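Both complexes below contain subunit A, partnered by subunit B and then by subunit C.
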Partner chain A sequence: MFTRVEGLKRVLDLFDGVPVMVTVGACWVEWDALRPSDGNFALKTLGSGSSVGLGVALALPKRKVVILDGDGAVLMNMNGVATVGQMQPKNLIHIVFDNKVYEASGCIRTATSFNADLVAVAKGLGIKSAHRVATPEAFESQVRAAFASDGPHFIVAETKLSEGDSTFAYARLEETDNKHRFMRFLEKVEGRKLREDAIDVKTSLR
Partner chain B sequence: MDLPKEAPDYAKAFLEALKEAGVSIVAALPESLLGSVYRLLRQQNEIRYVQVTNEAELPGICVGAYLGGKKAVMIMENSGLRQGLEPIARFAYSHHLPVTMIMAFRGEWGERNWWGHNHAQTMEPILNALRIPYRFVREIAEIKPAIKRALLHADGSQWPVALAMTGNCVEVPAYAKD
Partner chain C sequence: MAAFDAVIVGAGHNALVCALYLAKAGRRILVLERSAEIGGALRSAELTLPGFVHDLYATNVGQFAVSPAYRDFAPEFAAAGLEFLSNPYPYATALDGGRAIRVYKDQALTEREIAAVSADDAAAWRELVGLFKRTAPQFLPLFFTPMPSAAALLRAAGLLGASPRSAWALRRIVKDTPRAFVDRRFAADETKALLMPWAYHMDFGPDVPGGATFAFVAGLSGHLRGLSVAKGGAGAITSALRRIALSLGAQIRTSSEVKSIRIERGRAAGVTLAGGETIDADCIVASVTPKLLFGGLVADEHLPPAFRRRIGAYRYGPATFVVHLALDRPLEWRAAADLAQFNYVHLCGGTDDIARTYADSLAGRLPERPVLVVSQTTPVDPSRAPPGKHVARIHVRTVPSVIAGDAAGAIDARSWKDAAEPYAERLLDLVAAQAPNLRSAILARRIVAPPEIELDNPNLVGGDCVSGSHHLDQNFARRPLRGWSRYATPIRGLYMTGAATWPGGGVHGGSGYLLAQTLLRRS
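Right after this comes the complex of A and B.
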């Protein structure tokens, strides 16, 4: 077992220009510190990662799109994984850090600490590239393989708590700012305007 | 369900409206009142059609598509509003993200199905509680301007909007035929 930070540090070089949807809590705090970027979108709705990630992946089919998720979050919306299994977006990489507890709310056990097997579920829902990793080396290898091949990919990383690590501090996030910055980030890496202005100024001034 | 070979006028107008408005992604949970719309969406390739298994997925998919620069709408029965409420509310009140909802209005005046009435009874109070603007669409001629303006309103306000399809803009249940 390893920590999220130990794993993510090994693959940071892959994320240049990559939009990343990140679940709430410590995962966001750690990732935003490891890769401070306008390309990090804070998911405020637990479980929405698979759905938002799918939407971005469908909108930008030629760009790798990554979801950083937790076991508690992904369990809240397994339906979203079913739809990914149906749509088969080649560019989507869903990484689930499975520490088997609801870390942010007092480390109460999640279903994966009992009988739920997220890899088996993902495979059963049609995601052929679904893997479990338990070491930082295996994590790095699997993530690099996902970036180098067509997906969808679903990687479950068996992680331990990042307890006692005071390196990372929660920075207050203004979500509308996060939205605008994220959209500008996508426009920058895509090299084109993605959002048409709703208002035709010339017309509206008449 | 056996569907007629020829799609009803409302469904053809619906699809044309989506295309003319520039919608490129539709996420939906099929139900009966807009049955021909889902069938037409399945039969074409111009719009990417995403059929989900739970209405709570729909806002996230539309939000993701919007962030990526695509016009997207979600379609469901009005019962789905309750199921999709948390992500709709969260994306609105946190990021101020627009979502264009198109709902079949189950529970219209004269509804025979006992199970459909609560959908109508709760839809407007929920939309009002969330301060989500909405319009009823009853005539086929209203479909195109309603969808076009809904998308503009959502984008301009950076807030969800809703259309409730009823009257001549849904399938006609056999029991309701005059």
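Right after this comes the complex of A and C.
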């Protein structure tokens, strides 16, 4: 077992220009501190990672797209994983940090702390490259392999509880702002308009 | 030795200003912010459409440009790219019947405008401008002087010595109600409607003593200096403060909610975060409104009962309601084409309408025709929207936090969740009566009602955007309480800053600056 931060620090170099969908909670706080970027999209609705990530991956087929997710979130919206299995986006990497609890809401145990096996779930839903890792070294090599090969990839990382503060107060008024910045990030890295009706926006206002 | 010389709870602009001074003096500083974003009530975001930047709360930030913090860190702010912008069209009031009265930066132009409704008023205006110019150099620094203090007394004495007549006039203004202030000087309702809304930006109904100060200071400085915005958004000040604080070695942690302030043997010893983490510090600065600080972060048992009772009675003002607009083109005001250039256009009716709005807000009724501040920011700062597009904001002073009824008898909803949309429609109707192209120019809008304001920033209790009423019993040497206006608290090592402390709401960093001076002098 290792911490999310220990794992993510080892692979930070891979993330240049990579859009990352991040489940809110401590995971977002840690990731946003590790890689502050307009390319981080906060998934405020628990479990929407697989669905939003799939959409972004299908829209940008030549670019690796990463979801940083939690076990509780995946369990909340497993049908999104099924659709990933159906669509087979080659560029999607779904990383699930499995700490076996809903950490942000008082550490209530999730199904993975009982009998659920998310790797088996992903495989059963048609994602061939589904792996479990329990050490930072294994995490690093699996993520590097995922970046280097076609997916979809599904990596379940057995992680510890956060060491610091796990609460997260989302700045609600900035939600839309996050979306607009994320869109602009995508348009910038892609060097093209993503929506026909998109307003001609400047690259940076602040 | 504790890990930090000071832990600052909350990352509003006063907290950050305080952090700047302490860090510059070599202190080890940690700022803890509960929200994912720093800035408190000084933030901007693309709330509507991509590329349209809206100021969430504070927008007229000219006070910061003349504040000690800006002066003392001028090179750092310049390096951080902070710029203030203003134009020759500070504010105007749109009047019934599609007319308007405008205040330009240009004095002759303004006098001519006022003379069109009353020659006597134009003369009275000139006299008021004279009073402001004579006395401002003496009294404006009072806002950056501890209250009460020998320095404040000396300043007041200096004012008296320089011109007893001016000092007497000022003394009367400090105690005057907004209504008495304008009635004493002006004959025409139009002229009065220029200054009354400025008192109402705080929570001064026409008949509340002490409100004249705000009408006088904000109205006249707006006229002579113009209203200023921060280029790129009010959040640019926050970003600059963050950048400078970090460069001076201060640490800032977001999404880090302080659950309690640890007190050992009557002295603040550190903080405990929501996740259980504890951090020790020699001193704690709480940029937290009294309601959440005392009896919240600081348990009641640590507070003298008399203090607890008095601070528990600290009063918040009525709420704010905001509609942010992304516009396809400028508003076409019926009154005059150049009204689209004005930074603030007030819609307020007459003095009695404002009095009714105030009474309704206090009684829980949705005002029928509230005081509207229509901010048109893009003429001053075109970077706030894509080329040719505009942002505007309808800022409503005031509405009730909790709805008991509707003064117009049209909205049945008693929750803001259901009342926000129909109430926004009422506001749009009021503005559209003056600017008929309003609705067709709207590309997108974002409504922010009082509960959402408080949810976003719990220091804005009930949606009161200035963190507590500024009436005379809670201002000057009584902010937040008499005997506790100099940032100390009954707990040794625990200090307060923010809009609930002297010199109160507004973007000037005055409280953070004064507290930092106090702390640096002590150690």
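Here is the rule we use: the second predicted complex is superposed on the first by the 187 of 206 C-alpha atoms of A that agree within 3 Å, B and C clash if a C-alpha of one lies under 4 Å from a C-alpha of the other, contacts with A are read in each partner's own complex, and residues count from 1 in each chain.
One rule holds for everything that comes next: contacts are C-beta pairs under 8 Å (C-beta built on N, C-alpha and C of every residue); 3 or more make two chains touch, one makes a residue touch a chain.
Since we're looking at a predicted model, the values are computed, not measured.
Contact with subunit C, but none with subunit B, is seen for A:S162 once the two complexes are overlaid on the shared chain.
Judged by the number of subunit A residues each one touches, B leads among subunit B and subunit C. Shared-chain residue A:F41: touches subunit B; no touch with subunit C. Within the superposed three-chain model, A:I95 lies out of touch with both subunit B and subunit C [touch as defined at top]. Contacts of A:V29 after superposition: subunit C is touched, whereas subunit B is not reached. When the two structures are aligned on the shared chain, A:T176 is found in touch with subunit B and with subunit C.
Contact with subunit B, but none with subunit C, is seen for A:S51 once the two complexes are overlaid on the shared chain.
When both complexes are overlaid on chain A, the residue A:V20 reaches neither subunit B nor subunit C.
Contacts of A:V74 after superposition: neither subunit B nor subunit C is touched. Subunit A uses residues 176, 183, 198-199 to touch subunit B in one structure and subunit C in the other.
Partner subunit A is touched in their complex by these residues of subunit B: 25, 27, 48, 50-54, 56-70, 72, 86-87, 90-91, 94-97, 152, 155-156, 158.
Every residue of subunit C that touches subunit A in the complex is listed here, in rising order: 34-37, 43-51, 53, 56, 232-233, 235-236, 239, 254-257, 273-277, 383-384, 386-387, 389, 446, 448, 452, 455-456. Chain contact summary for the complex, subunit A toward subunit C: residues 28-29, 32, 162, 164-174, 176-177, 180-181, 183-184, 198-202, 205-206.
Of all the residues in subunit A, the ones that touch subunit B in their complex are 21, 41, 44-45, 47-48, 50-60, 77, 79-80, 82-83, 86-87, 175-176, 178-179, 182-183, 186-187, 190, 193-195, 198-199.
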